[in-house]
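The same chain A turns up in both complexes below, where it pairs with chain B and then with chain C.
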Partner chain A sequence: MNITLKCFAGLKRHLPPHAKANAAVVEVGAEMSVHQVIDLFKIDREEAYLVILNGVFVCPPDRDSTILQENDTLALWPEVAGG
Partner chain B sequence: MSWTGKLLRINLSSGEITTEALNEQWKNDYLGSRGLATKYLSEEIDPACEPLSPENKMIMATGPLTGTMAATGGRYVVVTKGPLTNCVACSNSGGFIGAEMKNAGWDMIIFEGKSPEPVYLYVENDKAELLPADDIWGTSVWHTDEWLHNKHQDPLLRIAAVGRPAENGCFYAGIINDLHRAAGRSGVGTVMASKNLKAVAIRGTLGVGNLADPQGFMKAVNDGKAVLADNPVTGQGLPTYGTQVLMNVINEIGALPTNNMKDVQFDGAHAISGEAMHEPRKSDGRPNLTTNAACFGCTIACGRISTIDQGHFSVKNKAKYWGNSGGLEYEAAWALGADNGVDDLDALTYVNFICNEEGFDPITFGATVAAAMEMYEDGDLTQEQTGGIAFNFGSAEALTKAVEWVAAGEGFGQDLALGSKRLCEKYCRPELSMTVKGQEFPAYDPRGIQGIGLNYATSNRGACHLRGYTVASEVLGIPEKTDPLTAEGKPALVKAFQDITGAVDSSGLCLFTTFAWTLDNIAPQIQAACGSQWTADYLYEVGERIWNMERDFNLKAGITSADDTLPERLLTEAAKTGPAKGLVSQVKEMMPEYYQLRGWSEKGVPTDETRKRLGLKDQG
Partner chain C sequence: MHFSENKHREMSDNDLLRYSRHIMLPEIDFEGQQKLLAAKVLIIGAGGLGSPAALYLSASGVGEITIADHDKVELNNLQRQIAYDEDSLGQSKVSSCAHRMENINSGINVLQLDEKLTGRQLLSQVAAVDVVLDCTDNLSTRFEINQACVAHNKWLVSAAAIRWEGQISVYHCGSQQSPCYHCLYGMRAAGSKESSQNFSNSYSNSYSNSCSNNGILSPVVGVMGSMQAIEVIKLIINKGDSLMGRVLLFDALSMQWESMILAKNPDCSVCANA
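What follows is the complex of A and B.
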């Protein structure tokens, strides 16, 4: 199934070559958890500090049990801040 | 101990310059900078005074760690009564002039009265004099800076100045120091110009010492620097992407105010983000961002230095804007960009350059343009008012014209210089001003981040993220993650952030250290500099005292609990997209608990018990 993967700041290097504006439609297996998708793209789980699925933060304890659905958007950042 | 113990008092009406010892009791109660200067202001002026009258005073103040080797110890503040808000104003700036002032031997400079002629203050250590500014009155900050450096033949002279909008009475003019650092909000520059004071130029060579425990200070400071270096935010994220890294984050969670807060997500967000600033432009192959930059003593270096494509319409045939200058921070990029629906990064950078060159607040300016664009699209304004320009959302041309008009005080720029509250009242659409107590919101929508809405509503200087940045917790997970969509627990979170910020702002350190430091990292540095009584617990108490003192000032200035709210749009028009879809701000529901936690009455007034606990005067 397809999802949109977004990797920002220092995580951009994990996106496939066809990515534009820090986002790419990618194919992942059915029933994959947030952590499994993060692993699939060889992203360090700890470095993916801010994990936002369809706009909502996924807490670290929920990243194994949260299963992605077709056309979901998973956005990832390292620990960042501003203001 | 770390304080110089001296202040300069400048009576602009008479030209008299005197020196005073710092009030010992007050510095022990209020630390320095924001807290101490607000104490002086509260004692010396009637809070009900007209902000642009000679009765108002303006205080430039450093903290005890300003000018020391503490990381980020370069901050200074400008405290006065703000014309934009009619509340207490405290605008904090980095750069180098704060440390220079301390090196010249001064904790504070108090300006009072009004000079009969334009003047600037020149300080060289113990020498302080008012000199004629006729040759630079009516010119920009950048011109003033160059003129003063040439006149005094001193490249290390540090300068803070106001531009033409301040002189013209623009309600949100700031004071720019070191060319592109700003005491930017609430119209502190307008107050300075109202006193016929064009600039403050300082050279200090005395050094900053007087530390309680020099050896302990070295250790505490080095420990603190190690924490900043090892932290992913202060060690990597902020230096690389600056505050602009937030543009995509806040858009993704559906809390990026767009088109005058009609929407909470902006299609063009990526094009104006921190990531986009790194990408080569299609036109000239160079990225917008040239490098990062640091203020005095800073080991984070979040500042942005940018260029504009020389072929961009905004700078065609304007070579003075082709070089490197202060680039976009997140708040400016949001206010100028998303809030106006403009996704042209170079246009936003040009507007930001002008805000620095002429000295006015890009947040209030951007949000005022946004209100004007909504009124234009609703038919309340026509091209007759807007200088023959179509003033639609998304128009980079309208935005760049608007900034030039405000800079020069021309045409529709005179309306835009009012700020959104007065502008919307003038054209009979007061509900379109996205302000609290007259000051425009920063870049976080209270429908998608509930705690920040309560902070906006209660901020003592009008809507402001820097008075209690709960976004750190609600969105970024610092120090721990809370749910941005719920109001539960937010009154306590807001109070904690507000009180801690009051202490940090009074130390001379930058608030950005708190992405890595807690008061437990900061207290040892202040203790080694100022004495053992400055524990983390005491700093927290000082922050709370400062918050209540500022509240008292505002109550005496005429603010009531009715002013502790948000614009109707945020209370009744639900977010249309994203996780907050269907939600409005729950600020009204949160307010009673907030007042209770503060120890205030139902009318938002500190109780006698609270005053006694914090050592505050009775209200009278």
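What follows is the complex of A and C.
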């Protein structure tokens, strides 16, 4: 199934070459969890601390149990804590 | 609403002229400006975020601003910390920043805390104000500020920036559905209730993410600190929609914003039972 994967800041390097404006439509297996998709693209779970599924933050404890659906949008951001 | 106990002061002719561009805005008007003049705000951190926030809130006429920081101004601060100039080098940040704020607006009261706010002192300072701005640069301080705001049921306007990225949100545990900062970053809090669970092992180590280690584009902190000032003003005048329950993320390199809904974590060790 297809989902839209968005990666921001330093995570952008994980997007496939056909990505445009920080986003790419990518094919993933059916019933994959958020963590499985992150692992599929060889993204460091810790670096992608902010995980946003269809505009909603997914807490770390829920990332194994949250299953993606066709046409979902998964956005990944690094932690931001400086100032 | 929440700040109504503060005494309003009469505006002079000079005040009316100074704040005329605010008063023209129907959402502010005389009443809103009086609320700003009566408000008390605590800014923790007088660096890249705190500088623009402090200057804009001073110019806006927020009546009492306490600014806390324990650092002195260093040369590498001048790239982004716009409250300071070369004459400030070696001076305490709070005294230099307060001087700049008072030069912008002598009609407000600026209080200086030249110390690292922590423990009881942090709690008492938070208790004394209407809104707290977290302009600090590390997670451990951010967690403590969040806990103090939850304990005293205070509004927290929290922003952060690093590299080309920024983040901002508003928290208020007095509002039933509001998450707290710990709901977002609790997995980074070593030793927390959550981090003892298996699923958090990969999130709870000492992942370093400070400007001194990673760099920061100067105007990014300007954007985020200015947005903190906007959110504070909106809270004080009780107009518009605050960022409570949402986190805005900014990627300056691609010039994109992302709005993220952040729900209250029912298992949060800080706010779940607050």
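By our rule, the second predicted complex is superposed on the first by the 80 of 83 C-alpha atoms of A that agree within 3 Å, B and C clash if a C-alpha of one lies under 4 Å from a C-alpha of the other, contacts with A are read in each partner's own complex, and residues count from 1 in each chain.
Quick note on the criterion: a residue touches a chain if its C-beta (ideal position, glycine included) is under 8 Å from a C-beta of that chain, and two chains touch if they have at least 3 such contacts.
Values in this document were obtained by computation on a predicted structure and should not be read as measured data.
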Query raised in the report: When the two structures are overlaid on chain A, which partner does A:P61 contact: first (chain B), second (chain C), both, or neither?
Result: second
Requested in this report: Using the superposition on chain A described above, determine whether A:R45 touches chain B (first), chain C (second), both, or neither.
Outcome: second
Query raised in the report: In the superposed arrangement, does A:P17 touch chain B (first), chain C (second), both or neither?
Result: neither
**Report entry** More chain A residues in contact - chain B or chain C
**Finding:** C
**Report entry** Touched partner set for A:W77, first chain B, second chain C, both or neither
**Finding:** both
Report task. For A:F8, select first, second, both or neither according to whether it touches chain B, chain C, the two together, or no partner. Result -> both
Report summary line: Dual-contact residues of chain A (chain B, chain C) 6, 8-10, 12, 21-22, 49-50, 52, 55-57, 59, 75, 77-83
Query raised in the report: In their complex, what parts of chain A are in touch with chain B?
Result: 6, 8-10, 12, 21-22, 49-50, 52, 54-57, 59, 75, 77-83
**Report entry** chain A contact footprint on chain B (complex, rising order)
**Finding:** 231-233, 236-238, 240-246, 248-249, 252-254, 270-271, 274-275, 302, 329-331, 465-466, 469, 471-472, 475-478, 481, 483-484, 511-512, 515, 578-579
Query raised in the report: Which part of chain C faces chain A closely enough to touch in the complex?
Result: 45, 47-50, 134-139, 142, 159-167, 183-185, 187-188, 194, 197, 199-200, 202-203, 205, 207, 209-211, 214, 216, 221, 247, 249, 251, 253-254, 256, 258-263, 265
Query raised in the report: Contact residues on chain A for chain C in the complex?
Result: 6, 8-10, 12, 21-22, 45-47, 49-50, 52, 55-57, 59-61, 63-64, 75, 77-83
